[in-house]
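In the two assemblies presented below, chain A is common to both, partnered first by chain B and then by chain C.
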Partner chain A sequence: MFNRAVTAAQLKPWLKFNYILKNVTFTVRSFCNSCPRYSNKDDEPVKPSILVPEDFQAELDGETYCPPLAQPIKPHVHPIKKSFDLLGITGRNDPKTHNNLYFPRHCDILIIGGGIMGCSIAYWLKQRGHDNGLRVIVVEQDPSYTRASTVLSVGGLRQQFSLPENIEMSLYGAEFLRKSKKLLSGEGLEGPDVQFHPFGYLFLATEKGADQLIANHKLQTSLGAKIQLLSANKLKQKFPWINTDGVELASLGLENEGWFDPWSLLNGFRNKALEMGVEFVKAETVGFETQETIVPEQPGIGDSGCYHKLKRVHVRLHDGDIRTIDFSKCVMAAGAQSGKVSKLAGIGLGTGLLRNALPVEPRKRYVYCFHAPEGPGLDCPLTVDTTGSYFRREGLGGHYVAGKSPTANEEPGVANLDVDYTFFDQQVWPDVALRVPGFENIKLKSAWSGYYDYNTFDQNGVIGIHPYHTNFLFATGFSGHGLQQAPAVGRAIMELVLEGKFLTIDLSRFAFDRVIANQPVFEQNIV
Partner chain B sequence: MLMLKFGLCCLGMMFLLKEWLLLISVLTILTFFCLTFMMNFDLGVINLIQLDFLTYLLVSLSLWVTALMIVMSFYIKHSKNYFEVFTSLSLAMLFFLVVSFSTSNLLMFYIMFESTLIPIFLMVMGWGYQPERVSASFYLLFYTLTASLPLLMGILYINSQQFSTDFSSLVVPNSDYLLFWMLIIAFLVKLPVYLGHLWLPKAHVEAPVAGSMILAGVLLKLGGYGLIRFLPFVENSLSEFSVLLVSIGCIGGVLASIICMRQTDCKSLVAYSSIAHMALVVVGISLNSFISVAGAVIIMIAHGFCSSGLFSLVGMIYDRVSTRSIILIRGIVSVGPSMTLWWFLFSISNMAAPPTPSLMGEIYIFMSSLNWAGVLAVFVGTLSFFAGAYNLYLFVSTQHGTNLSGCKSFTEVSVREHFVLISHMLPFLLFLVLLTNIYS
Partner chain C sequence: MAISYSRLTHLRLAEKFRRSCTSISSQRPVPVSSQISKIDHKKMMKPEKKEDRVIYELPKVYVEENTTGLALFSSNTNYGIKVIEVMNAIKFTPYGLRQTWDLFQEDKLLRSQIYIKERAEFLGPELATAHFLCFRGGKVRFHGQEDWITQDPDSDMLTSLPKFYVESYKVEAADCSKMTLIYEGLENMKNMENLKWLSLEGCPHIDDWCLDRISGEYGNTLEYLDIRNCHRVTDKGIASLSKMKKLKTLILGGHPEAKNLELVCLMLEDILPEITIRGIVYCDESLLKPSEAKE
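And then the complex of A and B:
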């Protein structure tokens, strides 16, 4: 629309004046802004937590190219005809007209993904104020959650992380779970019973990892977590069923750690959100539409001044119909599919700020359930072995679930959720049987697999606003520890949307900017 | 004769549907020259009574607001959503409005009064974008239709009694209470007063920007106009019921203002503020003194410009941020300061700050109502206070604060939008000069 690539000489005389005037005012304004008289040494500007290196800055100041996204679909129906159609079909009861008539075409906040993150965000957005009039729509392609990471999760809650943000989020998760029955109840709606088993996590460390464990423990206790360090002897005293060979140090969570039923929490959030007026749409996201706007020159926009604002999403219903939903802000909480859906918004397909894709992809993880009559019994925390295998008690009948994160070259394919039992025989069982002699005599009962929304960049969540699409927020990529952080993340996104900044837990280190600036934020794993 | 001329004029403008810019220029110029049409007295078609230029004011207002609403609906043209149909609906609405404001035949007035419902109904259903618009347009239609049926019966009764349906030939009856209510209730619901107001927030929220502008700007004034025209006819009954009407007006206004403070949708907030303003109009008309009716008229005209301007501002924000929620629209002063100027000017006009004519109208109403009964000071004072409160709330919520999501996408206010806003503001401020004529 605007062709700025002209020089003053080429312009017609009346436009030349404008061009010169614009340049003069720009010069004058920059002179005024750079005048030292107006700077105040006492007010230091707030340093962002993620600083882009110098060689990136030039590229980011230039133009960001947004690739062409979905095109507007069907042309408008004639309004008079539309009015008479609407008059004709109101009052009829069949679902097709109901879909036609009542499909929401506009919302304030669109949440893509109805898992624990999406439902938590929907709940937090609506519960602020008595009836804040926000129109929130959650687009979830499978309301029976057959392949959702949330319900296939082992359901652990721990504060034993090495990043303060993770620890604080899990602490809040525990606090929320304690109050969940009351908070998620309403008129005629009973709150969920999350069945929290407060048996703690037990991390075992060899000599090499002991220092890291001590450092982590110090940070965790300083933030309020109740973690106890146990030497090998104390460990043996506390848990006689454990084999302490090779274990130098162990840390046990005393409070606020354990496991719970993710399905109850998900339903709790979902039902409360439904009661507060959130609309759940059963559809799959297939595209985004942008609106070209001409804005003044800004970093990331460049000379052309053309900014593509994300305006509308195309969703496909179960009968193949494609509908559109206009939104003001969009939250990406699609879990394992987030990387794929973000690409539909051009994130990763453009240049400049849109160069980096969201580094979240599905990774399959197996969970095996076995019966061990000589196992640890009731007093069994979720034990994470030095090899990375973990197990916990399941129920009261001597059943246990166990699993292990495979190494990079053992990663299973993600095409389906089939379980590989040889992984149990070769990797998981030897480890847990070594650690707990009582696990030598077991009978494998069943197994399932689920996807991690695995952040290939640094295995921690991506929470925040995209630097180019400023109305697009992320809440995904938690790589296996998202369930426990869902209440805190929901609250954080609510604060970001409604207040413009984080108020309770500062999660600015987890922003998408770190992917662009190549500054990963790693959890220090125990060896 | 006159109406025929005007009808031909409107039909002529239908040919200009493709030439969008020419159409709005014709409309704006016609605003100033409609007086020449008014001066043609043919066969006693026009009879301007009491306020000599009430008709002129309202006809100019409707022409002006129609021109501006066509300018504002550029988005419909841009997205090729049947802009010609929309414009022809607006012109049809204009025709009905002008005829209803200028006719002196009761039945013709009633027919045009009802006919304005059809274009607004089609606008809300056809160009609104939320599923609730179905229910909103039904509310709009049925509230007004149900309330105006007694009006038709009353008019026919007058016809049978007095063998004429002309405003100038209305003979004041002794005090027919039933006839009074039958005639008045249509206008009370149209205004709307607090008890019959439920259709207004719904219709305003679901209507497209241009629909809201014409609805708030002119259609509500039909109610006030009807009340003023019937005033000499029902004077005797009015003295019996004036306490009731003033009470409904005052208390309803206060309640509407308080409800306004709780709104989360910008458009809904402006809609409820319309109810609060029109409550003052009802008070003024019920008091039946020259000053109070003059105040009511001034508030009506001022509110026409102000509300219409506010709705166009909300529409501009919606074009940029895709939401009307007060919670999500924040920090406009950081990303679009030219819009902040207009938000400020319209907010202070809405809260009746000097030197706007809204203040003048309110002062007239205050004077006459306090003279009538001192206790009304509490209500009109509260109404005035809350008017300031909710307008400030709207302004501060939307303009101040941090804006994260709009920082890259908030376009500058375009020339077209500046034109719309300045066209609302300038006559509004110049209106004061016109009003010095009120005593002549």
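And then the complex of A and C:
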């Protein structure tokens, strides 16, 4: 229990009045907020309803210290322009901002990152907030998405996970994609054509992994996914082009699995959000500003103290100007850069609850496109081999797309998006050619690379509110399977913001709390 | 011929199918306990409200149990956003009104075709499908019978279908042409053992997702499929029919959005061993004529 959860206040004179006021109005407030207390007797500390392990209690008893963040700055405005500002004339058609409107100075909800997660969250929030209900601003560094993970993704959709939350999110993702043309259309705006290829995912397992595959399959079918288990013989009958050496069991997705076009979904979300009134700002986040709030003493809980509330973000425009945006809540959806940007808010640089940083960092992954005239025909699903290599058909001309997650000591550097072709020759092609004899004769056509927003803790998304900065939400760290879960995550964040709790899918196990409590939630197979 | 059973027999049969119908159900029962790293703490977790999931929560700063004098006027739900939603529910512009009307119509269509579990439990999957389709203007033929069963144009009652579960009725052919079937409606046609013949000619709402559902559902048994004039079908949906290994006849035509139809059909013919595709013209006849005239 927090006995000294907040630092002692150094009462500044302009805050002292508030403190005195709260003392004077104590009797009235206590009637309104709690049972009236007429004595100063020491109340017993309130026992927590959950039992905290002893070695963790010591950590909780420590103070949570929020390090000093950005200094408050007042943006410099020319005095003549300032007087016109008051009249409301200038500020429009400002060529410095991305969308040529006056630079927004405040908003209700700020979303950092305009990739698929950010746009999905903006869409869901604004859909309930309509035109003037909620003011939502998305801060995106690069609106052409040259280095964004979303558009460089292979675009898979599968329900073959081992965690029920992941399965439910993907099921909803499939449902949303089916209705996306209608939902993301508007007046004068045609909905996106996501180009879903319904060919399924095929996971191959050796003897060691067969038990896990069976357990996963049971969970997936109980939640409504349609997955079929195939023995090695049945697999050979169904897909004659496959080499079943070493394969004990396979699981094939029959419905709602395949791949789609991430760029059109991103554009669909973004255009619909723009139509509903979300403001997209082209800027880079460089700092946060906090405001000290007095937390009054509550008997039995703790002394009075000072809580640093995140109030304002500093963003740098492309010409170097630094502007500020006040917000009420902030959502971190910056993808691969989320760990770095969260540090600007003090997450990872303080003590107590702010000691743990967001464990999300960029990891580079390669995708190779080759032509194989003797490859499998139309019914090639996205096949994930026992070695971790995957491949799928691309188009109708005999092209295929393949890749592999490297092992821990082979991780490529993330400074740029250059492709390493030796990785294909040494790692990907041997695995893929062994599994499909038709891939022995291929010609590599092209390749690209992209970043995973890799969660180094347990490779699953971080979705929820930070325990100290209660107006700071996370929606990041999906480590390669975020695209298919974006509609569900957007809806979950909308529920958290507007209702305070999850209504449809319970994602409380994916909260940031698990990083502090050191309780990883692992998924068994990662592509 | 309507066969009537005693009440006890009816209950016994309903129970039997209640169990068989939950094989792939649309509801989500209790999930199996999922993977969490095992840390050995004594007395670690709080008693479960939910099923097997272990939830670890950090303690809250402000305790929520308050007995307040003014609690009568407070609530946990956030009504502010609901007020905004009610105010902005219908936009009174021409586009907004049309959008609201379309939403109502879609909702009505969905509610008329949603999967009803009790119907499948009571009648068994085959007869439930038959009732569902015939009531909405489709036709059904059972295995071993020659006549198609349709609805009388005059009445709502389906006199030629049994109203209780009969084991010998197995649906072999379903004619859904020109019905307004949607994706959620196709869920009513699941768990059939041996559907060989399916016609979806002229159904306006059939698209790639519906074809995905059909090929996932009847991938092992379907032999004849007719999807003429389904305007939303693209070549990706037709390519997904490659999952149906026993398909013998496929009838196409009238797909304005299918771009590479001939190529997809050629590739389908490579993969599916017994297929014949009707409705596709692979080469242009007029190009052949001048050379024949010369010779």
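Keep in mind that, in the parts below, the second predicted complex is superposed on the first by the 432 of 527 C-alpha atoms of A that agree within 3 Å, B and C clash if a C-alpha of one lies under 4 Å from a C-alpha of the other, contacts with A are read in each partner's own complex, and residues count from 1 in each chain.
Everything below uses one rule, namely that a residue touches a chain if its C-beta (ideal position, glycine included) is under 8 Å from a C-beta of that chain, and two chains touch if they have at least 3 such contacts.
Here the structure is a predicted model, which means the values were calculated and not measured.
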Which superposed partner A:I465 touches (first chain B, second chain C, both, neither): first
Contacts of A:P143 with chain B and chain C, given as first, second, both or neither: neither
Chain B versus chain C as contact partner of A:G133, first or second or both or neither: both
Residue contacts with chain A in the superposition, chain B compared against chain C: C
Partner chain in contact with A:G500 - chain B first, chain C second, else both or neither: both
First, second, both or neither for A:A517, with chain B first and chain C second: second
Partner chain in contact with A:P373 - chain B first, chain C second, else both or neither: neither
Chain B versus chain C as contact partner of A:L163, first or second or both or neither: second
First (chain B), second (chain C), both or neither touched by A:Q298: both
Intersection of chain A interface sets (partners chain B, chain C): 129, 131-134, 298, 301, 498-500
Complex contact set, residues of chain A against chain B: 75-76, 78-80, 82-83, 86-87, 90, 101-106, 108-109, 129, 131-135, 293-296, 298, 300-301, 307, 309, 311, 326-329, 465, 468, 470-471, 496-501
Residue ranges of chain C touching chain A (in the complex, touch as defined): 24-32, 34-37, 39, 41, 43-46, 50, 53, 55-59, 61-63, 66-70, 76-78, 81, 84-85, 87-88, 93, 95, 183, 208-209, 211-213, 215-217, 219, 235-237, 239-240, 242-243, 245, 260, 263-264, 267-268, 270-271
Residue ranges of chain B in contact with chain A within the complex: 79-82, 85-86, 121-122, 125-127, 129-131, 134, 263-265, 320-323, 325-328, 330-331, 401-412
Residue ranges of chain A in contact with chain C within the complex: 1-2, 5, 31-35, 46, 48-53, 60, 128-134, 162-164, 168, 178, 187, 195-200, 215, 218-219, 221-224, 226, 238, 254-256, 258, 298, 301-302, 377-379, 396, 467, 498-500, 506, 508-509, 513-514, 516-524
